[in-house]
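Common to both upcoming complexes is chain A, partnered first by chain B, then by chain C.
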Partner chain A sequence: MVEGAALSAGRALREFGDVPLVTLEDLPQDGIVLPLGHIGAPTVSHEMLPSGREAELIRDTVERMLGRPVVAVMASEIGGGNGVEPLGLAARLGVPLVDADAMGRAFPEVQMVSTYVAGKDPGLVLLADVQGSVAALWPVDGLWSEQLARALCVAMGSTALMADYVMSAGELLGAVIEGTVTQAISIGRALEDAAAASETAVAALQATLGAVALLTGKVADVERRTGGGFVRGSVIIDGVGDCRGRRLQIEIQNENLVAIEDGQVKASVPDLIAIVDSQTADAVSTESLRYGQRVTVLAWPCAPLWRTPAGLRTAGPAAFGYDIPYVPVELAHA
Partner chain B sequence: MRDLRIGVDVGGTNTDAVVLGAGNRIVASTKQPTSPDVTSGMRAAIETVLAALGADRERVGRVMLGTTHATNAILERRRLGRVAVVRLGAPSSTAVPPLESWPEDLADAAVVAATVLPGGNYVDGREISPLDEEGLRRFLGSVAGRADAVAITAVFSPGSSGQEARAAEIAAEELGPDLPVSLSHEIGALGLLERENATVLNAALHRVARHVHDALTEVLRGLDVARYFAQNDGTLMAADYAARYPILTIGSGPANSIRGAAYLSGLADAVVIDVGGTSTDLGVLTGGFPRVSAAGVEIGGVRTNFRMPDILSVALGGGTVIDGRTAGATSVGYRIGTQALVFGGRTPTLTDACVAAGRAKVGTHSAPDELAAVLRDTDERIADAVDRMSLGKTGLPLVVVGGGGFLVPDGLPGVREIIRPERGDVANAVGAAIALVSGSIETIVPAGNGRRAALDAAGAAARDRAVQAGADPSAVEIVEVAEIPLSYLPEPALRVQVKAAGALAEVP
Partner chain C sequence: MVEGAALSAGRALREFGDVPLVTLEDLPQDGIVLPLGHIGAPTVSHEMLPSGREAELIRDTVERMLGRPVVAVMASEIGGGNGVEPLGLAARLGVPLVDADAMGRAFPEVQMVSTYVAGKDPGLVLLADVQGSVAALWPVDGLWSEQLARALCVAMGSTALMADYVMSAGELLGAVIEGTVTQAISIGRALEDAAAASETAVAALQATLGAVALLTGKVADVERRTGGGFVRGSVIIDGVGDCRGRRLQIEIQNENLVAIEDGQVKASVPDLIAIVDSQTADAVSTESLRYGQRVTVLAWPCAPLWRTPAGLRTAGPAAFGYDIPYVPVELAHA
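What follows is the complex of A and B.
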């Protein structure tokens, strides 16, 4: 998915020019920021690509409805293709990209965003499809935003570009997770440097993220079931090398939710759990997990906002139906 | 009686040919150097075994060819046809036009023009736009006389193939019925750009396919021989089918080697290790077929979603040069017969180490004992590679083939048994000769009611494709069904991959 987003973003940058990276403070405080991201099924967005006009249609609708200019684009989630695509969308709109996002990671449901945790109303929500249709909603809260957006997305062909929490730069201050674009760039740079110095990619990634390696092993079993529009299931990873004899189970709902070893929780949402290729350190997405892959499981602390009571209510273990206490990953491995 | 068959495998270094008789007994075999043009080496190998057969050459009923012609044509941008590229999907998909990630020189060599036209379907079957027949006719008219082939890719055609089929009819009307047309739903799986890339490459390869066909006809002149081509999953397709899908021949070499090793050892589940002069390739045989890798492959710098055999290559071979006390990164390659110490040369190689350790008895000179120490390190690297490929399943047998097989020690942790079949040196050509014929299909089916009926329909389509490719209809079986649930859809749905395979139909 990231490759497709990288292709369209690269093309937009060549066609429309470079994009400045800014902080919210750099922007006119009453100017509108568009948080953008694709929602829908990854398999669909990999097949039915965007028209390229979606962001422009959303921008024009927002400016008409709010009567104020859009001054920047922001990624709704920094994870996966949604972290890369806003760069190209900002280029198309000729505006800067905010060095922040609303997750600091990826989450499967649209109310699982920092803006919701910070108590913001979803405000104006817009979806644009490949045909050029734009839908604008004023949902009463984040949960309704999720349900209405989901229904519209299906009608739009199960993939759409979405903007929510459309508000001014001043209103977004303190309600986003800052510095995540810079962090993404530093991860890329660390991996490049590691390749140049023939160091192991996973070690470089681990150092950059401040991550704990939970296990290095092979995917021994992948069990998937669909329910409520999501792929749920679990992955079993058997240790190899120094980890031989150990076994880690990861519960998934599009994202990796909980990692369990010997009945003990080793890491859980909202902390980050990533399954990466042991050789290349490339992320292995839930949909592409296959028996036999050689992987390393990394876990690292989420943004502090997610550890507040409101953050844990929104995206802690209980929000995904797990009756387990949340233990910060660095404490579980102290 | 036409009971003999010839298996041919074109490798990077050698082109091998074997003749198999009743019970798949090896009647004749040869190893010829692979020629830069590929064709003359192939011709030499076939002519050598035909000569060895003498009057019995009349008994040859089939030839199975695993060749690198298509790969070489793409890598060298040679003999490629010029393709008119049509994508049906506008207004969707226009953010990334066709050929976006292609190396410029390959696009120049293989493409005459590209367009994105209104058309395509949604995941649920609705049309994104009706097919723009007028626009298609205009585009085809503009390339008439310049295009050697047409490649047509519609959004979601693996689920809804109607627009591609209609577009093919229009292409035949506009450009004549003989111009080759490649339709993406017959070539690849979901993933628009990767499937489109594979479809364009396939269309560009028609000329190569015709060239191989003509070369085979020439070398087999006077013989009434059915021809088959090996494909990347270790199965065969009849020549007329391969002429329509030449891209499927890419990557057949490793698959042949794995199938051949399995056949020679009589196993259906095993790890196969093929030790050559420069590198060692490991693959896994599961249920009689090579395990495929999860990731799509790049061909000539172009991303496709072709699934190739899952191969792990390790830079170790009989010709690997010993650098101090360790196995280095370089190999003497085909010069081993003059440069290795045991052949009177001056370069210490892993073959010398194996002679010193008593694992191999080759050459005319002795090798210094201390070289044997390097094998501790290479044994460990081989053990690690075998472990990686066995995915933690202990107790799998290991089949050793290839000229440098002595490099593999007699005991490895987690390996039940090490088998070194006779004639492992021509395992890949044997693999081509004994392979089954297959057909596969990928589509989207509902997960709830209707799943069973949709799976049956996909199975029937896969069987059909196997029979079209040359299989005996009464012998075709479904050999693989993979179901992957899709997320965020209105109705739960599954992406389904089905493969059917069976023995070749009798030669009439």
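What follows is the complex of A and C.
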């Protein structure tokens, strides 16, 4: 949903004006920050569009319940459409966007956030759906926030706008991954500069991210099923050019989880694996994969938080059911 | 769960003292009334007992959100354990119990309440589970309150305490079925008096309710499955004594929905169908039915509200998927 999110964010910016980019320190410390993102199966959000009122419903409910103003929006996850959409939502709500997120990437489950790893109470979780229903949850812990929010999201039609770990700017300090909006902007600039200089887009992206290229090839098979509020499956990419004769398999649950070649793990969560268009370097999201696409698979190190014991327990291979040890991508690829 | 609810209500009364029985008119008109009841599959609530803290969690959340005190508890449904449990919850919370409920019987779905038939907005719906998680819902309508609350209840373990149509005493006026606690007490007194006078318990119950006896027999077969937050199935009762040679089938969804003999509907929702022990006249709930039980099936007219067009749309045979016309029990049995 990156394209859809970019379109709706662009429209909101034209309609409501520019959005200041701020740090948590810039904000009134007792003001509420809304970490926003869509929960559900991305395949569903291609067909059922939001009403546009979801963010206002959540903001109004939070302010009524907490008696304090919402002073900023933050992306829950900087990856995919969820990294772009909060910009438009901040414009709609007339508040700044925090230059941070709670993942430094995308993850499929509610508890896979820096705030959970940092030991914060999930506090208040809100969901709003396309019909106009709103739900507020006070789960006993982060795992129950996933259980309850996922069940609600499925009942709401398998996609909903969610604000989780709703707390004040002061409480969020130190529990987010900072600078990720700035990083996203620098990626965009690097791609623009490469185009102007007639350089390869993928090479420019790789340099900006410090990423290794696992394979360049074409999509040979996609197996994907939508259920329980997720998209799960796997994709097979056959090498072309210098990579001819090689084959990479990537396991997915909304996001790319593990890349395997010849039975060897080449990269895995929590490190980042991205499938990008070999020509334009545009990200190809798991729900947009299709047979024959020419793609390059990049991998690069996650934020340091995810490599701590608590980070790996939350979003390492075992957290997704893979019985493999985590090997940092820079070592696996060396 | 009538026995369990009676035990826990009895204990709460001993621990926290008597509970005044009041009408809505007796209460401060802007004070909040909590209509409480368990949502879920009754079979599950036999195995997973509540923590006892659920009502306090709901009360505290409501008062924090609305900024007004909870002044009374009401039963959402007067049937089964849900009719008895609110007495103990009122004792725990130190507030009176309203002499009314929102069904005048038991119904399995969230929107099957007098408040919905009266056109009230579902407003605020709260659920609290045994773990200590709390959820608040603002569904767009009564049908979405069922969708969202049912999904949450399943995620919470298929049983949760719920307060729905949370509103002030003044707002509830005219949208409840009055006097149902008093009626329940009068049924209990009639059974005590019958025992003292060595009269038949079932005859005394029948006279108090104005009920017809559809059949006296024994349970020949029970088919029951728990799923989606409900118990569904059917029970076959073979006649004994004067009823020998006759067979009655009752369709269930948490409650008894339709009684059929020789292909003829003898009684159906929204009228009441109760299976009672032939000896003691104790109610045999759908989750307690078992082969060989000696039972009498009674049926009697529902509250007049359910016979209005809106009432029949909400809880008539078609609302449960039965393609049969509703015939009032006094006519079907005549």
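Odds and ends about this structure:
Note that the second predicted complex is superposed on the first by the 327 of 334 C-alpha atoms of A that agree within 3 Å, B and C clash if a C-alpha of one lies under 4 Å from a C-alpha of the other, contacts with A are read in each partner's own complex, and residues count from 1 in each chain.
Basically, a contact is a pair of C-beta atoms (placed from the backbone, for glycine too) under 8 Å apart; a residue touches a chain by one contact, two chains touch by 3 or more.
Since the model is a prediction, treat every value here as computed from it, not as a measurement.
Of the two partner chains placed by superposition, only chain B is touched by A:A220; chain C is not.
Once chain A of one complex is fitted onto chain A of the other, the partner contacts of A:L7 are limited to chain B, with no touch recorded for chain C. Which of chain B and chain C touches more residues of chain A: that partner is B.
Of the two partner chains, chain C is the only one that A:T61 touches; chain B does not reach it.
In the superposition on chain A, A:L148 makes contact with chain C only, not with chain B.
In the superposition on chain A, A:E47 contacts chain B only, with no contact to chain C.
Once chain A of one complex is fitted onto chain A of the other, the partner contacts of A:A136 are limited to chain C, with no touch recorded for chain B. By the touch criterion defined above, A:A195 lies against neither chain B nor chain C after alignment on the C-alpha atoms of chain A. The intersection of chain A residues touching chain B with those touching chain C, taken from the two complexes, comprises 131-132, 150, 154. The touching residues of chain C, counted against chain A in their complex, run 61, 64-65, 131-140, 144, 147-148, 150-152, 154-156. By the touch rule above, chain A contacts chain B in their complex via residues 3-4, 7-8, 11-12, 39-44, 46-53, 130-132, 150, 153-154, 157-158, 218, 220, 224-227, 229-231, 238, 240, 254, 287-288, 290-294. Chain B contributes residues 89-96, 100-101, 120, 122-124, 126, 128, 155-156, 190-193, 291, 294, 303, 310, 387-388, 391-392, 447, 484-490, 492-493, 495 to its touches with chain A in the complex.
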